[in-house]
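Labels run A, B, C and D following the written order; every chain starts at residue 1.
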Amino acid sequence: MLTRRSGMARSAAIAVLVVIVIAAVAGVVSYYYVSTAPATTSTATSTATSTATSTQTVTSTGISTLISTSVKTVTSTGVQPINIGILAPLTDVTGIDEKEGAQLAVTEINDHGGVLGRPLQIVSEDTQEADPTIPVSTGLAAMNRIVTVDHAQVIIGGERSDVVLAEEQQLPKYKIPFLDTGAADTSLGQQVIQNYSLYKYFFMVSPVNSTSLATGLISFYGYFHYVEPNYTKVYILAEDIAVWHALVPVLQYFLPQLGFTIVNPQSAGADYFPYGSTDFTTQMTNVRTSGAQIICLLAAGQDSVQLIQTWANLQVPAIPMGIDVAAESPSFWGQTNGAAKYETIEVGIGDTGTPINTIGANFYANYSKYYNTLPIYTADGAYESVYIIAHAMQAAGTTNGTALIPYIEKTNMTGPDGLIRFDKSHNVIYNEDYTKGGALSMVQWTAFNTYTPVWPPTVAKPISLPPWM
Amino acid sequence: MARLSRLLVIGVVIGLTLVLFPVVYSNDFALTIMTFANTLAIVAVSWDFFTGLTGRFNFGQALFFGVGSYAAGFMNLNLKYGPMLTIPLAGAVAIVIGVAFGYPTLRLKGPYFALATLIFPLIAGDLTFSLSSVFGGEHGLYGLATISDSYVVQYYGSLLLMLATVIVLLYLASSRLGLALESIRDDEKAASATGMNVTNYKLVAYIISAFFTGMAGAYQAQLFKFVGPDTFSSNISFEVIAMTIVGGIATIVGPVLGAYLLVIVLDGLGVSSDISVLTYGVLLMVIVLAFPGGLLGRLKTNLRGMRIRRLVGGKPAAT
Amino acid sequence: MVLPEILVFGGLLGAVYALLSLGFSLSYGVARILNLAHGSFYMIGGYIYYAFLTMAGVDSVESLLVAVALTFLLGMALYLGLVRPVRSTPVRVLLVTLSAAIVAQEVVSLAFGDRGVGAPFIIGGISMPLGVVVENQRILAAIVSLAMFLAVWLLIRVTKLGRAVRAVAQDAEAASLMGINDTRISLITLGLSGATAGLAGALLGPLTGISPDAWLNATVVAFAVVILGGLGSIPGTFLAAFLVSYSQVVVAFEVSSSYEIIVPLAVIAVAVLVRPKGLLGKVEE
Amino acid sequence: MIGPNGAGKTTLFDLITGFQRPTSGVVMLDGREITGSSPNQVVQKGMNRTFQIVRPFKDLTVLENVLVGLIQGKGRLTRKKGTVELRKQAMELLQLVGLTRSPLSLARNLSHGELKKLELARALSTFPDVLLVDEVFSGLSSQETQELSDALVRVKSNRNLTLLMVEHKVSKVVQLANRMLVLDHGRLLAQGTPREILSDQKVLEAYLGRG
């Protein structure tokens, strides 16, 4: 009897514990309701005041069209702001610059009266996707929070293609536009074509999709063969991931036609190494023994940091020229202890450090003014995206996600990377000429925090080869 | 009422609270988080069923989670099976894998099994890349069919699966099987001296654990409409260990509460991964050092009381 | 066919693997401690070297010594603070070392970020043994590893302390009856395994880069080596280290680096099933 | 079976019950060869043993400790037999060995003497025809020794089985055993009734020689 009573007491106690646990969830969530909104508004307005000076520079750009149509003066007090959601790895440089780039655009737009008479406001959630060990579910939880708790009316962000693919799967549920500014995977756009009604919410703003990246790379190789006709032996070295498996055949088809010979010993005609490898002596030895003069490098992960160091340490007589996402961030030089010198990589033409148009120029000027650093490739993507949304909302006269889609599809706007238009797959259209589409550039690392454009010819400076070649 | 086992009382209380939750407090984000919690709770409970009862440490529960997810994704895309079908089938596939890995390794003495389980998910994770034609590499498998886009439906679905898992495993743990497993945990040699084939019993426990974990993986696959290599990540294996230790090992019910606690800390609060993982690392450390039985370790005695009642009908008095 | 490359790289890597695995084998063989946090010493060693060299501006050799010293202390701290209280129950030892590894990983990534770091070399330049181009750092790493491995081995073979260590390894109870302080021996053993793994990390870190989650792979390599050589057998560890490294390099060169990681693990999984006690493992229940 | 330390008594038990494989020779159990069978097979064939150092299921209750054997052992009390039968058998066993402690107390809380009784009860729970008892009296107080030998006497009378004991306490052996074997350095030194053995010269040397 005694034992039984104590037993009941225990179960009662545990029952209480459970209830407390449940209550905790409720508490957490309601906490989020109250806390997030004011926090970000205050930051938004504070930067807004600090950027009053930028008005002049901005109105002189292509955005003026937008401003003229929008209400000139709006007091953000009392008006319900439009929430622009930033879904990115906020503790990582890519996410930080992403948010700052978007914040810059928001500030500029709010200075000119916002959109539909309402100010824009950044809400952000951390997907932590820069850390490869973090599961997709973390990103999806963040996405859910940004929609259902922060009430974002549009999402800008994305970096790791598995996370973005998973996020794309959720769009039919949330029915709000998702502007991808990180992942270049073609399969993202394929979804839109195959099942438009479900996935029409997805748009790839920057970079151009991986196929276009390959196209750009190939035309660069053509140019390189013209300036350096003696370097023709190419060794294809790529991470063992699906996006590269899709690109390599394209390169294997076109490079020989441009006069190159692919010297890979592997049966696949390309050397695939595990994503996240740390030891590259095998690959670099194979490159050397294959007698290659060029390493056609395809790397999306941080592993290239180690790859390039091994390349430099072993003084492999072949120059790496290709796509290397990690190498696009300015910190790469430091990460590799300077080994990055001579590596030549593909970037958006807006990211070469030398702006191609006034918008780019102003973007660079304002960005470095407010944040005292140079933007990396995610920043201008986010910056452009905010303006795309602002235009669409202004034109549609609503913030309803589904209603916005046709207007986003009609986007015809100039940004730091060139003209922005979307194709059937909702990918930004690529064109070598930045006045006709999103353009690319090849840049070579030359010094700390600096790479110089070596392609397209319009901006090209001569390529320098490592002394050990 | 007084006749009911304490465990049942607790179970009912938890059950009711969870069933009523969406009615009392319907919030999309909270529901999503609770759905995650339910899914992970299934994995934690299955981990506890094998490791808690047999004492053989499995550091690779993610193996079954990933296998289940990919099996479900593969069947949905290529055979066009719906979630209702893929979830149990994924469990079956997990059983096959469980036998394939368990049969040879479970004979290993001492630490060798524990260490071997550390390896298997790593191999599987790498295979998803090397065999990207089948597993889609980093793309994983996407565009999967889902049961529903409604948060409430998904919540109840996961809750149903979770409660079913808990009840079944509780039943088994308090049965003759559970008794055999616990005797193996306490002394394998003595257990074999009672005439049981120790390896077979361990294998049975292993594949039961695999089955439910596989279904959990399949459930997440349809919830996300996506399966990626991250389903094999050792994070998952370690998380469920922490959850079980927090809730109390070999209690079957404890891991559920552990799962809720940790998921709320990790995803609910949305703190940075470093902080949240740090949190469960420290939590794990503190509990292992300070509360060997976990926060709810005392439930163990209830499990035992329940078993005794079932096997010999009521508690016998001293002789 | 690239025989010389396989010979050279496999050999150089094997030496470091041997050092990395030595402590893992010792702490089980002597103190019966299965230390899942062993790889953390490797990871932390790499970071300490990096931090002192690039941030504190200490010169490379000194940074190396600091790394060894600190990981030695960490090893002892791990034993006193976490392992000793739960020593009696192996399961809790596994758990507590696992939690230690998780905590270490997150503390490091809070301090240095999730992205890995690559520290500068101790000696730059390349040389060409057997006509294979190799960083001098890699050769140095191998030589130092071998030296350290032999040093520890001798320590255990010839010194008075070593005799005590072996006595404990044979039979802890008997040893304590003979007046040997089991705790002190375990303490030193964990310190040593920390220091050796830390040194391995500091030596290999600059070559492979080092990231907060590097501990898991390091633990797995150590485990693979030790399981192949037999828990607690030093000669077995030495032999197995080269088996693992060569199998990796051969696969990488002859098959594809995509299977570089998988194949050795699979090989080991099989080896364990065929010979659970390892190559030279001593039989224990 | 008696014999000086290191005579190989426990080893012989391990060989017979399948815990060690003999390198040569065969093990026969009433006519059938059982060489190299695993311990659980040996139990199913009707032979079981107790361990010199007791190995209880320490986190299980006393009751469960015997239930395992009743369910798994040669008796195989299936579910059909029902809870009542199982309970009856279990309680009988506990009474037989005279374990008065509450059947619901955890084995880890038992005294050394009680553990020895539990060990015996668990071995009996598999209904062996042959029971090997390994130094059951070692480390017991005279009080506990008495209780346990009484228990063994009860077992001998109530259960139809053969007891093979390894024992140092020669007095106890004389009291309990019908036949005695003397083992020394793995060889059978002598066998016969207790009286014959105690008057055997070789045996005295084997013991007294060592003092």
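Here, contacts are C-beta pairs under 8 Å (C-beta built on N, C-alpha and C of every residue); 3 or more make two chains touch, one makes a residue touch a chain.
What you see is a predicted model, and the numbers here were worked out from it, not measured in a lab.
Here the chain-to-chain distance from subunit A to subunit D, counted in touching steps, is 2. Seen from the Cα centre of subunit A, the chain whose own Cα centre is farthest off is D.
Geometrically, the chain at the heart of the complex, using CA-atom means, is B. Between the Cα centres of subunit B and subunit C there is a gap of 32 Å. A separation of 47 Å divides the Cα centre of subunit C from that of subunit D.
Each chain gets a centre from the mean of its Cα atoms; for subunit B and subunit D, those two points are 41 Å apart.
With centres set at the average Cα position, the gap from subunit A to subunit B is 36 Å. Contact with two or more other chains is made by residues 126, 129-130, 234, 274 of subunit B.
With touch defined as above, residues shared between interfaces to two or more other chains in subunit A number as follows: 91, 131, 133, 240, 274.
Taken pairwise by the contact criterion, the protein chains fit none of the simple patterns, being neither a path, a ring, a star nor fully connected. Across the assembly, chains come into contact as A-B, A-C, B-C, B-D.
Only residues 176, 179-180, 182-183, 185-187, 189-198, 304-305, 307-308, 310-313, 315-319 of subunit B touch subunit D when the two sit together in their complex.
Remark: subunit A residues 4, 7-8, 10-11, 14-15, 17-19, 21-22, 24-26, 28-29, 32, 91, 125-126, 128, 131, 133-138, 140-142, 144-145, 148-149, 160-162, 165-166, 168-170, 172-173, 185, 187, 191, 195, 240-243, 245, 274-275 touch subunit B in the complex.
Residue ranges on subunit C touching subunit B, taken from their complex, read 28, 34, 36, 82, 85-86, 89-92, 94-96, 98-100, 102-103, 105-107, 109-110, 114, 216, 219-220, 223-224, 227, 231, 256, 258-259, 261-262, 265-266, 268-269, 272-273, 276, 284-285.
The part of subunit C that touches subunit A in the complex is made up of residues 2, 5, 9, 13, 109, 113-118, 120-121, 124, 126, 132-135, 137-138, 207-209, 213-214, 249, 252-253, 256-258, 260-261.
The residues of subunit B lying in touch with subunit C in their complex are 55, 57, 59, 104-105, 107-112, 114-116, 118-120, 122-123, 126-127, 129-130, 234, 238, 241-242, 245, 274-275, 277-278, 280-282, 284-285, 288-289, 292.
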